[in-house]
Amino acid sequence: MTANPTDSMELPRFCGIPTFMRLPQATGTDGLDAAIFGIPSDSGAPYRTGARFGPNAIREMSVMLRPINPYRDMLNVFDHLRVADLGDTPVVPGYLEETFTAIERFASNIADAEVLSCAFGGDHSVSLPHLRAVARARGTVALIHFDAHSDTWDTYFGERRDSAGTPFRRAAEENLVDPSKSIQIGLRGSLFSTTDISQSRALGFEVVDADELLLSSVDALADRIAARVGDAPVFLSFDMDVVDPAFAPGVQTPEVGGPSSFEILRLLRQLKGINLVGCDVVETNPLYDGPGKITALLAATVMAELLALAAHMRR
Amino acid sequence: MTANPTDSMELPRFCGIPTFMRLPQATGTDGLDAAIFGIPSDSGAPYRTGARFGPNAIREMSVMLRPINPYRDMLNVFDHLRVADLGDTPVVPGYLEETFTAIERFASNIADAEVLSCAFGGDHSVSLPHLRAVARARGTVALIHFDAHSDTWDTYFGERRDSAGTPFRRAAEENLVDPSKSIQIGLRGSLFSTTDISQSRALGFEVVDADELLLSSVDALADRIAARVGDAPVFLSFDMDVVDPAFAPGVQTPEVGGPSSFEILRLLRQLKGINLVGCDVVETNPLYDGPGKITALLAATVMAELLALAAHMRR
Amino acid sequence: MTANPTDSMELPRFCGIPTFMRLPQATGTDGLDAAIFGIPSDSGAPYRTGARFGPNAIREMSVMLRPINPYRDMLNVFDHLRVADLGDTPVVPGYLEETFTAIERFASNIADAEVLSCAFGGDHSVSLPHLRAVARARGTVALIHFDAHSDTWDTYFGERRDSAGTPFRRAAEENLVDPSKSIQIGLRGSLFSTTDISQSRALGFEVVDADELLLSSVDALADRIAARVGDAPVFLSFDMDVVDPAFAPGVQTPEVGGPSSFEILRLLRQLKGINLVGCDVVETNPLYDGPGKITALLAATVMAELLALAAHMRR
Amino acid sequence: MTANPTDSMELPRFCGIPTFMRLPQATGTDGLDAAIFGIPSDSGAPYRTGARFGPNAIREMSVMLRPINPYRDMLNVFDHLRVADLGDTPVVPGYLEETFTAIERFASNIADAEVLSCAFGGDHSVSLPHLRAVARARGTVALIHFDAHSDTWDTYFGERRDSAGTPFRRAAEENLVDPSKSIQIGLRGSLFSTTDISQSRALGFEVVDADELLLSSVDALADRIAARVGDAPVFLSFDMDVVDPAFAPGVQTPEVGGPSSFEILRLLRQLKGINLVGCDVVETNPLYDGPGKITALLAATVMAELLALAAHMRR
Amino acid sequence: MTANPTDSMELPRFCGIPTFMRLPQATGTDGLDAAIFGIPSDSGAPYRTGARFGPNAIREMSVMLRPINPYRDMLNVFDHLRVADLGDTPVVPGYLEETFTAIERFASNIADAEVLSCAFGGDHSVSLPHLRAVARARGTVALIHFDAHSDTWDTYFGERRDSAGTPFRRAAEENLVDPSKSIQIGLRGSLFSTTDISQSRALGFEVVDADELLLSSVDALADRIAARVGDAPVFLSFDMDVVDPAFAPGVQTPEVGGPSSFEILRLLRQLKGINLVGCDVVETNPLYDGPGKITALLAATVMAELLALAAHMRR
Amino acid sequence: MTANPTDSMELPRFCGIPTFMRLPQATGTDGLDAAIFGIPSDSGAPYRTGARFGPNAIREMSVMLRPINPYRDMLNVFDHLRVADLGDTPVVPGYLEETFTAIERFASNIADAEVLSCAFGGDHSVSLPHLRAVARARGTVALIHFDAHSDTWDTYFGERRDSAGTPFRRAAEENLVDPSKSIQIGLRGSLFSTTDISQSRALGFEVVDADELLLSSVDALADRIAARVGDAPVFLSFDMDVVDPAFAPGVQTPEVGGPSSFEILRLLRQLKGINLVGCDVVETNPLYDGPGKITALLAATVMAELLALAAHMRR
C-alpha cells in the first residue's frame, strides 16, 4: 500500500473530499504504520460543546500541510511511515458509556495490529477509551500530557465519573498509564479547589505548569520529558487549550495567559527518542474558531509533528 | 408580588443582567401565575449541539420586547399574568437519564402549584420530562406541536429511546399527551423512512404538513387547532425549526422550505380559547445564529405571544 | 458635469475606493440634481449602536448595482439625474445637539440649492436635522415613512427629547412635516404603551401596520400613498427595520414578523408621481449584518429605487 | 454496486468524512445511474470569489438529508437510482482555459457513459465545459435555467469571452443548448444595459422574470416548463442566487427581492416528465454564508430534489 | 451574607442567569467587601462603539473562572472578600453629562460605604465619574493605568472635554488622582501630535511604554509600580487595548504590537502591597470579539486577579 | 499640493469615504513623493481567495492610524513625504496575463516619475508586475522579503509559471531583483520538497527562517538586513503570513508558529538607511479576518512604518 498524500503542486488543495493531509482513506490497518481517525464525541464536555465537529474541521485545514518536515532534517514523513485516514469512530450522543464502548472497539482494531493510533477529538473524555485500547494491546503507557488543566478530578456534576475533566485519574486507577513515567505540561489558571494540581502529583504525575513552561529552556524541557518517559511505550495527549486562546480560540475550555503556538511547536520539534504508540489532539471546537480557522490548522500541524516524531524514530 | 418588567423607556435595555423580558427573578412560585425557566440540555441532540446556551441567548434578546400586545386588543400581558424568571433547571451533560430526573423535579415545583410552566430549551428531548411534570399535576394534556419534524421515532442510534427525535412517542406511550386531541404542524423535508409521518398518525396525532400550513387560511387553521384541543389542558411545544432557516438559522436541525415568522406568528396570534397549562420553545442554538441574533429574538417573541394567549384567557 | 458610474463591465466592481453605485465624488452641489451623503451618527440609538458605520457599508455593497432600472421601462437613472456622492456629514459622538447642528448645516447646502437630498444613516434621530434643512428650503413636507416603529414618542430615558424614537413628533411639532399629508407604513410588534400607535394618529399621521401592508394589494397601497401626499414636496424616510430581520438582520431594533424585501421593493417600484425633495435610508448597522452583507445590499437597492422614482418624474 | 447512504439513525451524521448525502465514493461510473461531483472553480467570478469551497461546504450540510422524498409519493431515491460521489474535477486557479479543459475531460467520462451528470459549482462559468461534455455525448440539450441573472452577455472586462456572466451565450453559439426549447426563470434586479434581458430573448430563450415567477401559479409554471422542453434531453442549471439572499446569503452575486426557498422548491417538486441528462447547482460561496450554513443546506436540498426528479422518471 | 459563587463542579456553568463569576446578586452594599458592577456607556467612544454590551459579555464568560488563585498561594478569594454583583449603573445614551451624573451617583453608594468598587466598562470615559465617586469618599488616589493610549488629551472633536480620550487629564485637573504617585503602562502606536506622551509626563504621570514593558523584568516592574503608589489609596484602571489585539480583538481602539495576556497577567500577579480602593476594566466590545469570546474571558480574568490582589492584602 | 490626512481629533475617523490613513485621493503623481495604491487581484492564489478585497479592507482600518511615529523621534511622516492614495490598478479576474499587464502599466506611471511606489495586495503574484515597473524605472533592486514561504517555486499546477508561489524566481530570472543583495525573512512550516528553502539559496537569496528570526537580536538582524542591501535601491515585499496567524488570521496561506506583530514591527522600526523605491504589503484577505479586523489593521500599520522609514531617510 502506498500512502502518499495528493500532490498539492499538481491538484489544488481545495479539490477533493478532504482527508487528513490528503492521505488515502482506508477501512482497515493492512500495510499501515500509523492510522489517523476521528473521535467525534463531545458528550463529556462540561461547558462548551461542539467538538464533535472537530475531526472534519481539522481534516479540512490539514490539506494546507506539506509532507516534508524541515525541523527534522528535511524528513519526508511518508517515506518512513505508511499512514491512512480511517474515518471516525461511531459514537452515541448523550450516552457516554455506549460511546466509550464504541471508541474502544474501533481503537482496538488499530492498537491490536500494533499500528500507531492517532486520534482527533472530540472532548478530552475520549482519551480514556482510547487509552484502554492502546494499553491493553501495548501495555501500560507513559503519558505526555499537554493541557491547561490536569483532568485528574475524581467526579463531576455529583458522582459522574466520566467527563472531560476526569480521564487521567481513571487511566491511573485502571493502570493504563504509569504516572511515575508521566508528565503534565502547561497547567494554569484559576482552580476549583486548592488540590487541583496537587491531586495530579498525589497520583504520581510530574507537573510543569505554564509559568515554568514559559520561563524554561526548550532544550532542557525536551530532555526532561524524554528522561521521564524513558523507553516506555508513550501515549501523547494534546489538549488544544494548552496554548493561549489567541492561538487557539476554537477550544471548549479556553484559559488565557498561555504559551504561543511557536513555543509549543518548538518543544514538540525538539522531542527525540520517544517510543510513541498512541496519541490524540483533542478539544478542537470549530464553532468557536474564527473565520481564519487557525485552531484547526494548529491541531493539524501538531498531529503532523507527532507523525514526524514517529517517522524520525523509524528512520 | 409585582411582576412588571423594567421600563425600557426609563432604563436602557442593555442596562442590567438580562432576565426574560426584564421580568423579576424568583426562586419559587409564590404569587405567580406563570413561571419562565430554561432547560439548558443538549445531550439529546443527534446532530448539532449547543442549545444549552439557548435560554440565556433568548433572555438577552428578550429585553427588546415590550409589555403591550397590539394583536390582542392592546393587552398589557403583565396586568393579567404575574410572571417571573426562575432561572434554569439543573442538568448533567452527557447523562440523559439524570438530566431528565433533574428537569422533572424542577418543573414539578411549578406544575404542582398550578402555575403556567413556560420553558426555553435546550433540545427537544427536554419536552418529555417537562410533560411528565405537567401531566402528573394537570392530567393528560392535548399537545399543539409546531415542528418541521414529527419527533415520534421509536429509537435512535440503535436502541436509545431518549433523544430529540423521540419525545412525543414516549409521551403518547406514557399517556402524558392524548394524541386524539393533539396536532402537529409544519412537518416537512426529506424522511428517514416512508413511515416517518404516518407513524404520527398511527399514534393518533393529527398532522398538518408545511405545504398545507402555507397554503391554508390562517383563520381556518386557528379554528381547527382550537377544535382539536377543545377544553383539555394544553401543552404547546414550539420547535424553532418549524420556521424556515432564513428566519431562524440558529437551530439544530434546520429544514429549508418552511414558513416565514410572519406566517407562524399570525397563526399564534389568532389562537383563542386555549387552556394553556404548559409550553416550551426549544432547539434555539445561538452558535448557529448570525450576529443579528434573529433566532433568539423570534424565540423570545413566540414565548411573549404564548404569554399573551394565556393572559387573554384570564382577562 | 457628467455623473456616470464607473462601468463594471469594464473595471471590476472591487477595483477602486467605493462610492455609492461607483458614482463620482463631489464636494459641492454644482451641476447636480441629486446628492448622496452619509450621516454616520448613532448617538441617538436607544439599544444597539454601530450605525455610524452604515454609510460606508452601504457604499461597499452598492457597487453591485447597475444603472438600468427594469421596473421603470428600462430607465437609465443617470441619463435623467446627475448624481454624486458628497461623503459624510460631520458628527460629534456623544453630543447629540452638536451633531444635529452639523448635520443640518451640511444638508442645508444641498437643500438650499434645490438638489434632491439623499442620506444614509446613522440611527433614525438623524432624520430630524435633515428634515429641518429640507423643510426650511423647500417648505413643510409630506412624509412617507417606512418603519416597524412609529418613532413618535415624546421623550426617552427621562426627559430626553432627541433619540431614534422621537424624530417625527419633533418634526410635526416644528411644522417640518404635515401629518395630514403623511403616512407611516409597516408598524408592528410589541409596544411600550397602549398609545404607541394611536399617538401617531393623534398627531395626524395615517398609519398602515404590517398586517395591513402584508394583506393588501400593492397597487392599491401605492395609489393610497400617492393620494395621501398629493403634490406636496415629499420626504421619504426608510428605516431598514421595516422589513423582516431575515431580510435585514443588520439593524438596530429588529422586529420579527415583517414583510419580505420583495414585498417592500414592489411597493416602492409601484410608486408614481411623487415630488421627492429628500429621502433617507437609516438604521443599517453592519456589525449585526451577516457575512453576506444582505442588509447593506438592500439599503443600497432601496436608495437606487428612490433615485429611479425621482428620475422617472423628470423624464 | 450498492449505493445506499450511511444510515443516520444508526451512525450520527457528524461521524465520518462527508460525501454528498453520505453516499459511497467512487472513482468511475461503473454501475451508476447518476454521478455527483464538484467543480471547485471560481476563476470566472467577476465580483465575489470563494465558490471553490462550495462543493465541500455542500457535502458537509448534505449529511442532514434523508433518502425518502415525501413530495413524490414517499419515493426512496436510491431504490431507483444508483448514485455515488466522484469527488471533484481538477481546476487550475487563474487559468480559465486550462480549467475548462480539465472540467470537460472529467465530465465526459460521466456523460459518455450515459450516466446522469450532477455537478456542484463553483461559479457559473463552469456550466459551459460541463455542457460541452454533456451535449457531445447526449446531443443538444434543452436548458432549464434558474438564476437572478441571464448570464448571456457576450464579453466581460473588455474582450473576455469566458466568465460567470457569459456561459449561456457561448452554449447557444456552440449549439450545446437549443434556446427554442429552453427557459430562464427568476431574472431580476438592476441591469448593465437596456438589452440585458432582451438579449436572452434574442438568442431564443424564453424568460420568466422574478415578478412573473412570484405572481404565477406554481402548477401552471411547472406545466409551462415541461411544455417548453418537451422530450428533449434536459440540462437543468440552478444558480443559488435565484432565491432571495435571506434564504441564500452565501452566493457570489446576491440580488435582493427574490423568491423564498419554499417557492422555488415547490416548483421543482412539481416538475414532472423531464428527461434529465445533466444538472448543476452553482455559485454557493460558503465564505458569505452565516454560521447556520443555510445556503449550503439549500443547495444540497435542491440537488436532492433533482435526483428525485430523475428517480421518479425511472420508477 | 455569604458570597460564595455557585459551584461549577455541581451545577454546570451554563445553567442559570450569569453574574460575575456566578456570585450572588445584590442591590446594596450591606455586608460586602467588594462590589462588582457594570457601566454600560459607550457614548464617549470616538471610533468604535458597542462597549455598552461589555459588562454582560464579561459576566457570560466569567462563569468559566474558579475561586482558587494558584498565583497567590492557593488563595480562595471569597474566603477573604465578600463580593456580590450589583448589576449595572443607569446611563443615558447620547447624553454624556447625564450619564456621568448617573454613574457617579451609583458608584458613590459603594465608595461611601468604603466597599471596594470594581467596574466593567463601557468606554474609558466612564472612569472619570467613577473616580469622582471614589476620590470624594476615599481621598485623592494613586492611579495605576494600563492602556495603549494615554487618555490625557485635553479636548476631542472641537471643544468636547469628555470622551474616552480625556478622562485622566480631567481627573488630574480635578485632583481626583495624584499624578506624582501614578503610573501609565503600555502606551504605544502612532500619535496625533508629538506631545501625546509628553503631555502625560507634563501632568506628572510616570509613563512605561510598551517597548519598555516588553523588554523589562516583570519583578522589577512590579516593584516599580508598588514604589510609585506607596501606601496611597489606589485606583487601577485597565483598558483592554493594552494587550495586543491578537489577545483582545474585541476592543474599541486596537493597537497592534502590544504585550501578550501572559505578560500582562504575570505583572498583575506579581503586584503586592497595593491598597486598592477602586478599579475598572474597560473598553471590552463584544461586537468585535470573535466567536471564541477571548477578550471577554481575559477581561473577566483581569478582574479576578484584581480581586485576588485585594483579598491577598486582607489575608 | 498638501498631503495632510484628515485630522481625526476634529472629524471622527468613521466620517467620510476611507482612503489610506485619510490621505487625499489623487489620479496622478504630480507633487507626490509617495503613492499608495491597491492591486486587487487574487487570481494567482493557489488555495484561499478573496485578497481582491484586501486594499479596501486595509483602507478602512487605516483610518485608525495617526501621523506621528514615536519610534523615529516623533517624526511626522507627512512633513517629509507628500503622499496620496491613487486608488486601485485595473485587473482582469481569471486572466493572470492581462492582469499583470494592467498592473505593470499602472505602476509604471508611478515608478517612471521616481515616486515611491507603495502597493497593497492582492495575492503575492502581484509583486512580479510591480517589480517589473519599478526595476525598469529604477534599475535592478535589492529585495527585502518578509514571508512564511519562499515564493521561489518554478511552476505550479503543472506548467503554470505565474502564481502566488513563483514571483521571486521570475523576478530573479528577469533580473528585476539582485539576489546577492536580497534577503528572505520568516520562512517556516512544512515543505513540498526538500529543496523548497535551498532553491532560494541556490538563486542567491539570503534566508533567515522563523526560528532564527525569533531567536535573534533585533538590532543585529536590522544591521544584517541593512548590510545585505547596502545602498542599492530597495523593494520591500511584506507577506502578511510572515506573522503568526494569531496576529494575522486574515491571510491566504496561514502558517502557525510564527513571530508576533511586536517582534516584526520592532524589526521594521529598527531598519535604517534603506533606499526604498518600492514596497508592497500583500495577502491580506478580509474574508478570513475576524470581526476585530486585526489583520487589516496590522497591514495598515506595516505600511505606515514603511512610509516612516522612507520619510526618515528624507529628513
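The first chain written gets the first letter, and so on, giving A, B, C, D, E and F; residue counts start at 1 in each chain.
Methods note: a residue touches a chain if its C-beta (ideal position, glycine included) is under 8 Å from a C-beta of that chain, and two chains touch if they have at least 3 such contacts.
In this text the structure is predicted, and so the values were computed from the model without any measurement.
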Chains in simultaneous contact with chain B and chain E: A, C
Chains in simultaneous contact with chain C and chain D: B, F
Chain separated most widely from chain E, comparing mean CA positions: D
Distance-maximising chain from chain A - centres being C-alpha averages: C
Chain copies touching (chain A, chain B) - same or different residues, decided at half shared: same
Interface with more contacting C-beta pairs, comparing B-C to A-D: B-C
Gap in Å, rounded to a whole number, between the CA centres of chain D and chain B: 37
Between chain B and chain F, centroid-to-centroid distance (C-alpha), Å: 55
Shared-contact residues (touching 2 or more other chains) in chain F: 11-12, 14, 46, 52, 92-93, 157-158, 244, 246, 260, 287, 290-291
Chain-chain contacts as defined at top: A-B, A-D, A-E, A-F, B-C, B-D, B-E, C-D, C-E, C-F, D-F, E-F
Residues of chain C defined as touching chain B within the complex: 46-47, 153, 156-158, 188-194, 196-197, 209-211, 214, 244-246, 249-251, 253-254, 256-260, 287-290
In the complex, chain E residues that touch chain B: 11-12, 14-19, 25, 38, 40, 52-53, 56, 59-60, 85, 87-93, 287, 291
Contacting residues of chain D [partner chain F, same complex]: 42-46, 48-50, 52, 92-96, 98, 125, 157-158, 160, 162-163, 287
Touching residues (chain side chain D, partner chain B) in the complex: 8-14, 64-70, 74, 76, 244, 246-247, 260-262, 265-266, 290-294, 297-298, 301, 304
